[in-house]
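Presented sequentially are two complexes of subunit A, the first with subunit B as partner and the second with subunit C.
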Partner chain A sequence: MARSLEVLEGGIQTTVQDYPGRRGMLARGFFPAGPMDHFAFRAANLLVGNPEPAAGLEVTLGGVTLRFDAGATVAVAGAEAEAAVDGERIPLWESRRVAAGSQLRIGVSQGPGFRIYVGISGGIDVPPLFGSRATYTMGALGGFEGRALKAGDRLALGGESGDGTPRRFRPSARPPYSREWEIEATRGPHAAPDFLTEEDMQTLFGRWWSVDRNSNRTGIRLESHLFQWARTTGGIAGGHPSNILDNSYPVGAVNVNGDLPVILGPDGPTAGGFICAATVAHAGFWKIGQLRPVGDRVRFREVTVEEAIALDRELDERLTVASLESV
Partner chain B sequence: MAEKTIKSPYPGTFYRRSSPDADPYVTEGDPVQPGDTVGLVEIMKNFYEVKSEESGVVNGFLVGNEDLVEAGQDIIVLRD
Partner chain C sequence: MTTQAIIETVAGSGGKPAITYRLAGDRCLLVEYGEMEFDLTLNFFVLAVDDALRGRPADGIIETAPGFRSILVSYDPFVLATGDLLEHLHAVHEGLGAEQEMAIPSRTVHLPVAFDDSQTRAAVARYVHSIRADAPNAEGGTNVDYIVRYNGLADREELYESILQTEQWTAFIGFFPGLPFMFPLDPRDAVFVPKYNPTRTWTPEGALGLGGPCFAIYPVESAGGYQLVGRTLPIYDVQARNAIFRENPLLLRAGDRVKFHRVGEEELLALFEDVHADRYRYRIEEGVFEVGEYLEWLPQVKDEADERRRRRDEAAAVTPVP
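After this line comes the complex of A and B, so read on.
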């Protein structure tokens, strides 16, 4: 009989995700989807002995209960939250064996952080769509029926490959969580002097931005800000200087829509008619999944493309079995 | 003596009304029963009902309409 788990409580948005998601589909209108915090997701997968492409769960905020119908190795990582197996508190960033019939409960997170990831040995076995099991919320595609999980859903689990040994992700290899996040980003593609002034760019990278409550997997809304702009209108593209002729958007773009900067998340739009003043580095992109949309603040730290690539290599090196220790 | 309070289940923006033109769900002096809706919390473009888990009478609000609240934050104080 196939292994499975049942959702007893789905929380506000729990989705099936895999890393790196649905890559290579930008030209067809698909952002990659995948975990909004790829660091915690990948750590949870590593802890349960899964191969990197295995699908797991992204839990937004918490308030989720799962019942395992088969024994499994599980690990919970990400935002601070109370996790318990059959009522017994378990530490985050550690794997453990749970017996058939066990219930994993994840309480509502008080922060810091906003998303919690559950790695399960064998992975979630939903049918891949265009090469990925990730849920793309804006397109209502992929994952489990293209939607967030709700009570009564039963998810098939794949065959286990790990040895089930409990492991801990070394505390020194875990990223710090905070209510104030410095996020690495490169300048452009639409920056100074063509679209914004140099002073605007210094403001973009210099100030702290509050995260709006209506941020989600599509985008992280920041605060409205009156930029100086290098031009008075968008010309043939529109009346506002943030308007450009429709253009493709990079994943993690800091898209300025009128006066409102929005960081495009994993389920964002692939194209549109607003400038992208900066682009979050892949090594910093995981942080946008942990921004709590009730008062967390963000500051962008400017890096070069070369620095962004080097940071990504360092991050990849931390996400290997060398960061695991026995419990 | 511990006061009875109603807490927000989620972080977000607290609203006392279902829409700008509606009456508040509850005001000071109103009786509430377990399961009664006393407000809404908006987060990630969705609205969630804030429900009382206790019975009592609304004694006062600890947060204002449209204030940001955290998960588990006390919003309303009840008296017997």
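After this line comes the complex of A and C, so read on.
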């Protein structure tokens, strides 16, 4: 009989995700989906001995209970939260065996951080759609029936992988969590001097931005800000100087929609008619998955493309078995 | 450390538009063509470049996504350095002929449309009831009369005729899976309207909307901001209930020309059922769009298009904005 798990409590938004998600579909209007925090997601997969493309769970905030119908190696990583197997507290960033019939409970996170990832040996075996098992909430597709999980859902698991040995992700290799996040970003595509003033760019990169309550996988809304703008109107594209003729957006773009900057998340709109003043570096993108709506603050740190790529290489090096130690 | 968003510009020459290369993070480059003008010729150039890029793939290019006058190129910087990507793009641009000589693969897709149908009226009614009762664009329970008024048209029939007469150019797909951004190829049929303010929370599948100068078809039930003129058939189905969606859940692609024909609402609803029961066959003709022929034709209709535009500008100036 196929291995599976049953969802007893789904929490506010728990989805099946894989990394790097659904690529090659941007020109058809699909953002990649995938884990909002790819670091913790990849770490959880690594801990349970899964290959990188294996699907796991993204838990928003917590309040989730899963029952395993087969033995499995599991690891929980990401936001600070109480996790327990059959009532016994387990540490995050560590893998362990659970027996058939065991229940994994993830409590509501008090932070820091907002999303918790569950890696399960063998991965979640939902049918791939366009090369990925990731749930794309805006398109209501992929993952498990294109939606967040709820009580009663039964997820098939892939064949066992790894040797089941408990391992720990070295504390020194884990990223620091905070209520104030400095996120690396490059300037542009639409910045100073043609769209915003240099002073606007200094403000964008200099100040702290509060995370709005209406933030989710489609985007992180920040605070309204009256930029000076280098132009008085958007001309033929619209009255507001943030308007441009519609173009495709990069994931992680800091999209300025009127006066409101929004960081485009993995489920965001693929195109639109607003400028993107900066773009979050791939190596810093995981942090947007850990931003807690209401309370957390963000500051963008400007980096060059070369610096962004170097940071990405460091991050990849941390996501290898060299970062694992025995428990 | 501070950098510049624009990493290179190339002046236009030989009938080709200027090119601006913009950083879009460490994994994307945004390539823009010409100036920010509402000029479909720029989109023809975009689609010709996109086609040429597919014909000359480079290791490390993950995907390309056209916009109205731009292409977003996603790449893997560990496989393809930014400088090498620029070199590759230069070579592709240099290998292209002038705009006048371009021929773009372009299908003609025929779709029925029922104007001011009860489903789009229901979306407007829901908006008036639950979001904004005094929206000037929803007077009379429809957006159609507002579009007529804003463009200085004589009546609804004049609007419908303009939508039916022209072919709509699919400039690109985006925002949402399968959503086409379409523009009338005949400038005499250009219409313009401001978007909803605030946006609507529900739109029926297949609704045909107008926002600014752009027509869009809603692929699924969703929120939306475009003024609604009617409803056509499904253009997206991941369940592939109709054969047309089996290989690709999207009906339309950039470069398609959409030609609408008018049907009554009852007929449209019957066709909707036929699509889902796999009895309906979408009418699609393969073809090529000759940019030169189109550019030669444009001057013949210029005076008439300009006159209509004047009429529209006069009407728009005295029409309230939502």
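Some observations on this one:
Going forward, the second predicted complex is superposed on the first by the 327 of 327 C-alpha atoms of A that agree within 3 Å, B and C clash if a C-alpha of one lies under 4 Å from a C-alpha of the other, contacts with A are read in each partner's own complex, and residues count from 1 in each chain.
To be clear about the criterion, a contact is a pair of C-beta atoms (placed from the backbone, for glycine too) under 8 Å apart; a residue touches a chain by one contact, two chains touch by 3 or more.
Please read all numbers here as calculations on a predicted model, not as lab measurements.
In the superposition on chain A, A:26 contacts subunit C only, with no contact to subunit B. By the document's definition of touching, of the two partners only subunit C reaches A:305; subunit B does not. Once chain A of one complex is fitted onto chain A of the other, the partner contacts of A:325 are absent, as it touches neither subunit B nor subunit C.
Of the two partner chains, neither subunit B nor subunit C is touched by A:180. Legend: residue contacts after superposition of the two complexes on their common chain; A:199 is shown touching neither subunit B nor subunit C.
Once chain A of one complex is fitted onto chain A of the other, the partner contacts of A:109 are limited to subunit B, with no touch recorded for subunit C.
When the two structures are aligned on the shared chain, A:213 is found in touch with subunit B, with no touch to subunit C. Contact with subunit C, but none with subunit B, is seen for A:253 once the two complexes are overlaid on the shared chain.
Of the two partner chains, subunit C is the only one touched by A:189; subunit B is not.
Subunit A is touched at more residues by one of its partners, and among subunit B and subunit C that partner is C.
Contacts from subunit A toward subunit C in the complex involve residues 23-30, 129, 138-141, 146, 185-192, 194, 235-238, 244-253, 269-273, 276, 279-283, 302-305, 307-309, 312-313.
Residue ranges of subunit C in contact with subunit A, taken from their complex: 1-6, 22-28, 30, 32, 36-38, 50, 62-72, 74, 77-78, 82, 172-179, 181, 212, 214, 219-220, 238, 250, 253-254.
By the touch criterion stated above, subunit B contacts subunit A in their complex at residues 9-13, 42-46, 48, 68-72. Residues of subunit A that touch subunit B in their complex: 12-13, 60-61, 63, 108-111, 213-216, 292-295.
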